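Take a look at the structures listed below.
In the two complexes below, chain A is the common chain; its partner is chain B in one and chain C in the other.
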Partner chain A sequence: MMTERFETGFHPFVLPFLAGMVFVLGVCALKAVRVVFELNKADRKKWLLSLLRPDLILKNILDIVLDCLIHVRLWKRNRVLGFMHSSIAFGWFMIILLGHLEVLMYCPERLSTFYYPIFFDFFIEGGQTAVISRLMDAFLLIIITGIIIAFIKRFWSRIVGMRRTARPSFLNLVGLYSLWAIFPLRLIAEQYARAGDLNAAPWWAYSTALCVFMTVLPFTRYLHIPSEMLLITMRNAGVEISSPHRGMARVQADSCPNCGVCIDACPMNADPANLRHSTVYLTRQLRRGNEARIREISNKCMLCGKCTSVCQVGVDGPRMRILARATEKYRINLHFAASDVDSSAIGESGGGKSKGALLYFSGCMSQLTPKIGRSVESILRKAAVDYEWMDRDGGLCCGRPLYTAGRLKEAAELIERNEELIIGSGAGTLLVSCPICYREFREKYRLHGIRIVHYADYFCELMDRGRIRLDKGDICYVYHDPCELGRGCGIYDTPRRLISKAAAIAEAPKSRVESVCCGGSLGSLSLDFEHREKITRASLENLYASRADAIATSCPLCLTTFSRYSDRPVKDLAQIVDEQIIL
Partner chain B sequence: MNEIIVVIGGGIAGMEAVGTLLSLGHTPILIEAGPKLGGHVASWHKLFPDLSSAGELVSRLQEYMKGANIFLGTRVISLNRLADGYSLKLSNGMVINASAILLTTGFQLFDASRKEEYGYGVYDHVITNSDLEAWLAGRADARVPKNPEHIGFVHCVGSRDIKACNSQCSKVCCATAIKQAIEIKEKFPYARVYCFYMDLRLFGKKYEDFYVNAQRDYGIQFIRGRVSEVGETRDGALQIKAEDTLSGKPLKLRLDLLVLMSGIVRNDSIRELSLMAGLETDSDGFLRSVDNEYSVVESNRPGIFFAGACTGPKTVPETIAEARSAALSAHRYLQRTTIIR
Partner chain C sequence: MTDFGFTLSCSSTLDLGKVDNDKFEELCRLEPGAGVCIGCGSCSAVCPSARLSGMSVRKVLLAVRRGRNVREMLQCCMLCGKCTIVCPRGINTRNLILSICKLYDD
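What follows is the complex of A and B.
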């Protein structure tokens, strides 16, 4: 039988909790409003409309439950970490939910007090025998298990499979310790109350811990709890980062839980001195508004995209960095699009020499690796494909190096000029061998129905249609996924299919999404040669671990970079295919 | 004197050392992995700065070392340290107990195909300095066109280039490029010859005169700047991009022949041998002398000596001088140990 212990239903110890609650709700609401106003008009409209669409509402709810409460993505990556985070998030959520249910069932008139569900056992006697109460006890124990793991991880991160974790700032530590304190204090206070001891001291402690946590929340990584929900709705609405600091960038920075998964993922960690350039520190500096560090971190990154692919909340580190770079003021304006190009190969002044045919674009990097273009040409000839080589004698840059350097206007000029040339050629398909160019073509070009295809996909098609046949050699290759092709464009399977038809194939321990950047990336503006060498060697070690005889890749930059230090042959996919074609 | 001195490597350093040891009364054994003596020099045409014949030098050395024990086509399979010397097992089955060893294992040329942007092995008319030397010496080479009008030389291919994993200067390529430019100009008097260089390091006797001659008497153009990329046009000619860093202008040139001055890098085939002997490697990858000023020919192991390009890039006269010096050091070393015994 449950009875109210106090006629008034009030005790002063609830005040810290209430104060914290009002504060955190107020600050978060203000932050949310600011973010919404920072969005550009189109994005804001898109987002507001998305909140009315039933399908997106459902998706938002589902994503919030799966990502914010259960941490499905983290479970997939690391079960211990997944359990740790979901036990606290989901457990706490269930306690709050069940607490409200309890109040709703036994004393619905008290629901408006806010604090009854939190301090139920103090105000109500005899509640502990109910099923709900037992369930809540179970969830509390699960949370405490999670906190024990968190405690161990704090001092011994390897036990949860993390080599390195983010260094917490002082305020984050306050948040962390107050969060850890909440649940044991609740347990203790409840035990007192259930034993009939109405000593208010443990309840004061519990309420104070809650107050401290909620007060520091908006200024610490725990801001990710409310922020991630906003991020999910905005992402589902199709909002993208369009400013380096504001709007979507701010939501993403605020949504970073500082879990540090990106630190272990970052290829720059081959030298511990570069750990401080991980995305987790970028989001931290973005929150602090430390421009000097934002610039340093942004310029150093190779934009391999691995942090984004492993990120639990999907923080788009590369995009944030590119936009930060775009704020740099340059004294000299360059006009690369004005360079003379010999377009005779593709029909001068848009004569449409190659009507409907295949136009091959090898890119600037392939000028330094002539074997790739040669091999592509040879394969096309052997497959009797009618083609024109657009930049055989040199052409315009695709624009991606300028884009990644933050020179968006110059990149756009190049893109426009290239679009003219390509459309003017009358080609039906644009074949690209360089993944850097390929990604730029796919993401930034409007080519009015001209098919853009990477050679791995294209050669696979030729193979499937019987236009080329491959003889399986006895060399064993390990395939290195170039960042721009794998994480950038999602092409993982066709290169492997081609290699497995032409040779034996082995897998490196870290491959596909987890592939380690070769270190030669054009993405970094300030990484020096010694650090790059360390990254290359670390990336090679990963490939050597497959025990393959040779390394295969499909990017001219990876090819050049690996060839420098590799102890075994490095070949481009096109070379391998060309060598193994049966005539 | 009945102690055996083994000389490993039958290039000019090994030959000179063996000749000197013979004249000092020793009975050296020369081991050469290849089928003939003379090493790199044997396949060259002429030597700078006097343009004397490389073949004649090798013949002279052969005369000088007449009577020595020579094993051609033979490698050292294993090397063990003994209390008073070394035991070597050879690929022909012989076991030799040597009191001293002289390493004259030389260098290898940087593999120019590793700088893929220059297109060696990809384009039809790109050759290396050693290919050109062989062609000048009379070997046919389809890559050298009948009547080239424009010929380019690229200095420092694989030298002073951290991207090629060799930051050191190869010492001899500047003078070699000038020599070869003059020689090819003599073969094709109407061709225009360009040399693309970073620095010209013309430190040796008469090298400067050589350089002035090349410009004044042969009209060879020296352009300061590296070639950034090489392409092949539809008609099979080469098209290069470079920068003239003195005038600050980018250049685009059509060439009929491009010669890459491959640098001198350590000889990888002696890696195992140096490990077995416990020899140290210097930071430039070459074998490490006790010091690089006074005791260049001495190794960190008693009784093992170096001569020639196994410790770094050397010119021909330097190599010859070092070979004599190393032979003398080995001779003194044996005298000393004999007296002690």
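What follows is the complex of A and C.
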């Protein structure tokens, strides 16, 4: 039988908890309002309307439960980490939920006090016999198991499969230790109360730990707990980052839990000196507003996108960096498209052709690797495809290098010029061999119905339609996924299908989404030659581990970069296909 | 005065006594690679903009060394990065170009 121990239903030890609670709710509400006002008008409208749509409300709730509470994505990546995080998040949520249920069932008039569900055992006698109480004990033990793992991970991260974790700042440590303290203190305090000992000291300790945690929460990584919920609703509404610091960028930075998964993923970790340029530190500096470091981190990154693909909350590191680069002031503008150049020389070989024909764009990078263009041409000829090579004798850049350098306006000028050329050619399909150009065409160009296709997809189609037939050779290739083609455009399977038809194929330990950047990326502005070499060698080691005879890739930049250091042949996909075609 | 024989004309390009080195030294601080360039011209040979506009990274760097304003010469760069790939000295030419863009006034 449950009875209230105190008629007043109050004890001074609840005050620290209440103070912390009021503080954290107030600060988080203010932060949320600021973010919403920082969004541009269209995004704000989109977000507000999305909160009214039933399908999106359902999706929001589902995503919040799966991502914030159960950490499904983390489970898929690393089961120990998944258990650790979900035990604390889900366990704590269940304790709070069950605590409220308990109060609702036995003393609903106390629900308005806020603190009754938290300190139930102190105020109510006999609660420990109820089923709910047993359940809560079970969840408390699960949480404590999670905290023990977290404790071990703190000093020996390899045991949970992480080579490196993020360096915590001082406040983060305060938050961390107070979080760890909350649950054992609760356990101890409850044991005292259940034994009939109403000593308030353990309850004071428990309440103080809660207060400390909630007070530092808005200034530490634990802000991700409330922030991630806002991020999920905004992402589901289709809001994208449009400012380097404000709005969506701020939500994403606040949602970063500093788990450090991106540190191990970053290809730059080939040199430990570059670990400080990981996305986890970018979000930290964004929150601190440290402009010098934001610039340094932004300029160093190769924009391979691996951190985003492994990120548990979906922080878009590359996009944040590009926008940060765009804030840089330059005194000279690179107005190629607007300058007085002889435009008749551009794309003359591709202009004025019949409708429906194939227009081939090799990109400027392919001019350093003429074998790619030659192979593509040879395949097209063998398949009897009517084509025109737009930039056989040189052409305009696609604009992606300018875009990634943060020079958005100048990139847009180039894009506009290229659009005119491509649309003016009257082609129905644009075949692209460079993944960098391909991504830019897909994401930024408006080509009015002209189909943009990467040659891996196109050759696969030719093969499926029987226009080309491949002879299976006996060389074993390992395929390297170029960043822009794989993570950038999601093309993983067609290159592998082509290679498996033309030769034997092996998989590297890290492939597809996990593929390691070749180190030649144009994304980085400040990475120097020595560091790039280390990255290339690390990337090659990953490919060598497959024990393949040769390396295949489908990017002119990867081809050039690997060829420089590889101890075995490096070939482009087009070369392999061309060599193995049966006439 | 003399309308026959040989005369010595002043160098049209270089008078080391009058060269203003400030910009170049600042550039070397921003991108140390500027100092190790051997002027081989690989960058200009592969430049996709060169054929259309006469852009040349080698010339630009030479002009910076000689204290000239390179505003006009740089405008046509598309930052494609081919010059970085071929540079035998491993100079980060893209950062070089972006650094020069920061240096000069209109």
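In this text, the second predicted complex is superposed on the first by the 567 of 583 C-alpha atoms of A that agree within 3 Å, B and C clash if a C-alpha of one lies under 4 Å from a C-alpha of the other, contacts with A are read in each partner's own complex, and residues count from 1 in each chain.
Keep this in mind: a contact is a pair of C-beta atoms (placed from the backbone, for glycine too) under 8 Å apart; a residue touches a chain by one contact, two chains touch by 3 or more.
Given the structure is predicted, the values throughout are model-derived calculations rather than measurements.
Under the clash rule set out above, the superposition-derived model of chain A with chain B and chain C contains a clash between the two partners. Once chain A of one complex is fitted onto chain A of the other, the partner contacts of A:Ala89 are absent, as it touches neither chain B nor chain C.
Using the contact criterion defined above for the overlaid structures, shared-chain residue A:Ser563 touches chain B, although it does not reach chain C. After overlaying the two complexes on the shared chain, residue contacts for A:Leu380 are found with neither chain B nor chain C. Of the two partner chains placed by the overlay, neither chain B nor chain C lies in contact with A:Ile422. In the superposed model, A:Phe529 makes contact with both chain B and chain C. After overlaying the two complexes on the shared chain, residue contacts for A:Lys371 are found with chain B alone; chain C is out of touch.
More residues of chain A lie in touch with C than with the remaining chain of the pair chain B and chain C. After overlaying the two complexes on the shared chain, residue contacts for A:Arg392 are found with chain B alone; chain C is out of touch.
Stretch 222-230 of chain B is the one among 132-140, 222-230 or 258-266 that clashes with chain C after the shared chain A is superposed. Of the residues of chain A, those at positions 367-368, 393-394, 529, 560 touch chain B in one of the two structures and chain C in the other. Only residues 367-371, 374, 392-394, 529, 559-560, 563-565 of chain A touch chain B when the two sit together in their complex.
On the side of chain B, the complex with chain A involves touching residues 114, 116-117, 119, 122-123, 162-165, 229-234, 239, 241. Taken in their complex, chain A has these residues touching chain C: 328-336, 339, 341-342, 345-346, 364-365, 367-368, 393-397, 399, 401-402, 405, 407, 414, 520, 522, 525-530, 557, 560-561. Every residue of chain C that touches chain A in the complex is listed here, in rising order: 33, 46, 48-49, 51-53, 70-71, 74-82, 85-86, 90-92, 94-95, 98, 100-106.
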